[in-house]
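What follows is a structure written as structure tokens; I'll ask about it next.
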Amino acid sequence: MIDFQHVLDTIHQTAQKTDDRGKIADYIPELAKVDKYKFGIHLVNMNQENFSAGDSNERFSIQSISKVFTLTMALGLIGEKLWTRVDVEPSGDPFNHLSLLEFEKGIPRNPFINPGAIVVADVLISHLKNPKDEFLAFVRNIADDETIDYNSTVAASEKQTGFHNYAAANLLKSFKNLENDVETVLDFYFHQCSLTMSCAQLANTFYLYINNGRCRRKNTHLTSGQVKRINALMLTCGFYDEAGEFAFEVGLPGKSGVGGGIVALHPNKFCVATWSPGLNEKGNSKLGMLALEKLTTETELSIF
Amino acid sequence: MIDFQHVLDTIHQTAQKTDDRGKIADYIPELAKVDKYKFGIHLVNMNQENFSAGDSNERFSIQSISKVFTLTMALGLIGEKLWTRVDVEPSGDPFNHLSLLEFEKGIPRNPFINPGAIVVADVLISHLKNPKDEFLAFVRNIADDETIDYNSTVAASEKQTGFHNYAAANLLKSFKNLENDVETVLDFYFHQCSLTMSCAQLANTFYLYINNGRCRRKNTHLTSGQVKRINALMLTCGFYDEAGEFAFEVGLPGKSGVGGGIVALHPNKFCVATWSPGLNEKGNSKLGMLALEKLTTETELSIF
Amino acid sequence: MIDFQHVLDTIHQTAQKTDDRGKIADYIPELAKVDKYKFGIHLVNMNQENFSAGDSNERFSIQSISKVFTLTMALGLIGEKLWTRVDVEPSGDPFNHLSLLEFEKGIPRNPFINPGAIVVADVLISHLKNPKDEFLAFVRNIADDETIDYNSTVAASEKQTGFHNYAAANLLKSFKNLENDVETVLDFYFHQCSLTMSCAQLANTFYLYINNGRCRRKNTHLTSGQVKRINALMLTCGFYDEAGEFAFEVGLPGKSGVGGGIVALHPNKFCVATWSPGLNEKGNSKLGMLALEKLTTETELSIF
Amino acid sequence: MIDFQHVLDTIHQTAQKTDDRGKIADYIPELAKVDKYKFGIHLVNMNQENFSAGDSNERFSIQSISKVFTLTMALGLIGEKLWTRVDVEPSGDPFNHLSLLEFEKGIPRNPFINPGAIVVADVLISHLKNPKDEFLAFVRNIADDETIDYNSTVAASEKQTGFHNYAAANLLKSFKNLENDVETVLDFYFHQCSLTMSCAQLANTFYLYINNGRCRRKNTHLTSGQVKRINALMLTCGFYDEAGEFAFEVGLPGKSGVGGGIVALHPNKFCVATWSPGLNEKGNSKLGMLALEKLTTETELSIF
């Protein structure tokens, strides 16, 4: 049996000795204030045993990791109909996300690139009475943790500088793939991205995806077919233009955020969350990528 | 000597017999109300003799033709510095104007595609106290006609459906190639496009570009080098993705608008304006293109 | 325990009732001659127990499935140095494979798109004395089957119509990412694609990839890290522009060929090969995709 | 009246003082041997008066300038049918000529980009018995000069390194827009590009395009409509990705070649040829561009 605590400790020690931590995202001013030398890791196994090292209880901005939660909630609300408005293919191309959207007539490549997540946000707004409140309640429920909350300063900071997201939302609107108005959708979107959670909270919230759709409170939110699909999407599309590299080096489904968080999972085995705010040139946490590669290499627990 | 009146009459008669008038632009609801069977043409020569046929005094929405006037005013204000913010090359590509903007890091291909004209509008706003008033005064001056005005209903109609322009402006903003805020710039832009003029007014306003930069009121607005450049730009970029075709078939610099207007000119010889609201699949007036091709074929007055 | 034979029989029966079989690849004249109503499936588990249904022993042209074998051999020869000449990211874009190659300066997106496989072939040619003979011997070895052979008629047929591959190889050459001359490389490439194998042979040859790199003859050809990476690549890039869809619907690493074959595998559990010559619009076997989706849905044996 | 000799002398003196001559094309080894400090200019007016300065009688490789001659001959052979196989729009995009070809299904943007010129060469081969001989005779005829010839060393040099042209030709073939085989077409194409002419010869050969299609020997090769169209194409597409810039700065139709030659013309007024082997980053002669800009600025003889 694998001694997870020992593995996490080793990873933590290696991380502490690593000087090159990448570059903190500075396009969202509020995120630029974080201490670059933070590092946390937390793992939960199927028996809900918890292992951790470093700053695993410190909360940070989960950013794009929230896209997994909105996708989960949207699938619960409208099921497979969602796939008429967003595709499931990797985006591939680093330089022209908006052009792909133009070329493909307003159907985003997948729900984890920004335009795709904006469409998913639009679905939630159309089907919920109080979208921000109900989504927050949903995340607290699957996390089994009522302390999780938005960071409205971060949300406001993104709104002021989120011109690229405004461009994407308006382009979707021009292709009639946005039902609600741009301001409403982006207000929701900037709030979902501002959710603040620790590695410990993230790993436990993702328990649902290794446990056939059943969360820690034993509510079933997804069919096992839907879990399979979300996990497949995380593997093929979860890491921006580095999805292939992550599958190749780490070999687990996962999702990263520009706040420096990464969650990865092995169905029926474990989920793990890491946090280190410095990013590599593709926008994924530099130390987080190394930590997870080390984890699957040492434990030989990749899905491949 | 060419009998222009006879040529225009012949063109008008041919136009009246043409059933296939193309398709009126319907993405701006206000424009969709125009009578498709209107046709006007007006020509002014160097001696300021006027020739006309059809609905040449009926006013219509000049739309993108206004981009020539904003470019002229911007060159007057900041001169060649303008070219650090917008390029002078044809856009070529029909399907991905925003992607080119992404690829080329926020520098629009030329001042006659929408993103380029939005940058030019931004320049005017930065350098004028009352941009809408001063621009209107400028157009009235070069037109020698104080009755020219905006159509605020058309401007409001475009604002409500102009999501693609909002996408472009936000993308420019994300690349820091927009100094003013998106709403201010687009409010100006939608107003400039809503200018309402007749063929007679347009032809006389463009007199400046065949007369070395000197308008009908004998004010000099451009150096002869600047006139040469604006005319060159009209030739290479004045007709969306059909610029090559227009140069090839008509052989004159010109500019079209989705309201169905086209202005074309022969330096030191004449300017001519046509109007027919139905567009071809490239977004240029169907009958206008045919009329101008007929004009240069019959008179052998192309610049080539 | 899963009764694989029963599952395969059910799949076979469903297949036989399916009228819409897609369209046989006709751009290679020799392939167009195959009977569209063939269907075979074969599964091998970790204990090397074999299960089959339909035309599982009939040989067909494996085409792109051969790219997994050349990649395996190249990794054995030059190891991770290979990744300086070819990337590991999904290609994403359906319409511009050559343009991506231009844009990314001659580095193909991954070893399973044609330009990537041509680079891998070039590596083999540079490192082998008799490339075609040695590669064939390699495949026979991992297959534990000396009857496997090239089909020189198919190879010749592809050579005569393979203009797109000639374009790709010349483009690679222009970027100096091809060491040998175009004719030599493509002669090898067309031969590797012409390999003729049955579902039974394919499933047994892929045993290596579920068994940590150890083939049926108990030779170890790959480290477990390399196996993980090849399997990850099959998942993210194995199905042309439908890789996301296959991961999403089937949830297994795999590789398809335009001859109508598909191989998929579950590490440490089983490999399965299907054959049905009719293709869907993305170029993957229509019935093969359905069969594998049924297999993982019924057995719940996806890796996710 | 303009003193052309004085203007050319001034331009020549300025050129001699210019140190930064750009970079000689080195991808064709044979071209790389030319002396970078050569400079010639030659002008012919409507009365066939000749003016020259510098190395105006030294012969160089005309390269892409030959595309104007093949286009002229092809129009004479099959007329406007040519435009079903090649378009007349600027290519715009600097980075993906082959991708545009893929996207637009094998129809090159215009006859002056390489794929377009390869299609024109294919037309000549299909309609001539001895294509290379007959094309050479045609050029000698419009040049009124029997000493013009191919340089077979240059043609052979291009063949050995012309992988990008091989890629283009094969791509055209894959789209069925090439009737003859790739080798035959490229052999012709490399020969047409290897034509060796002086500025004096080029200017006199282009007399046809300022004289309504009638060459120096008084044979009429083109209708005045065809001349108009070729001149329009030179203006919109004659300078690779710098066509807009050339129209903007110089304001004349023209064509450049990587051998350092440029020809430009003013219909019914004059043609002028320059030669300076160093190229700017867009592949056009650096000093040639400056010389022509000076010429039209000083004489105010642009077509705009």
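Labels for the chains are A, B, C and D, by order of writing; each one numbers its residues from 1.
Everything that follows uses one rule, which is that a residue touches a chain if its C-beta (ideal position, glycine included) is under 8 Å from a C-beta of that chain, and two chains touch if they have at least 3 such contacts.
Just so it is clear, the model here is predicted, and its values are computed rather than measured.
Participant: What's the chain with its C-alpha centre farthest out from chain B?
Facilitator: Chain C.
Participant: Between chain C and chain D, tell me the centre distance in angstrom, where each centre is the average of that chain's C-alpha atoms.
Facilitator: Each chain reduced to its C-alpha mean, chain C and chain D end up 47 Å apart.
Participant: Counting in whole Å, what is the centre-to-centre distance of chain A and chain C, each centre being its mean C-alpha position?
Facilitator: Comparing mean C-alpha positions, chain C is 32 Å from chain A.
Participant: Find the geometric centre of each of chain A and chain D from their Cα atoms only, then give the gap between the two centres in Å, rounded to an integer.
Facilitator: Distance between chain centres, rounded to whole Å: 55 Å.
Participant: If a residue has to touch 2 or more other chains to count, which residues of chain A qualify?
Facilitator: In chain A, 95, 100, 103 touch at least two other chains.
Participant: Spell out all pairs of chains that touch, sorted by label.
Facilitator: Chains touch in the following pairs: A-B, A-C, B-D, C-D.
Participant: Where on chain A does chain C make contact in their complex?
Facilitator: So the residues of chain A touching chain C come out as 87-93, 95, 100, 103, 109-110, 224-225, 227-229, 231-233, 235-237, 241-245, 247-249, 251, 253, 267, 296-297, 300, 302-304.
Participant: Taking the touch rule as given, give the residues of chain C at its contact with chain D in the complex, in rising order.
Facilitator: On the chain C side, the touching residues are 95-100, 102-103, 163-164, 166-168, 170-171, 173-174, 182.
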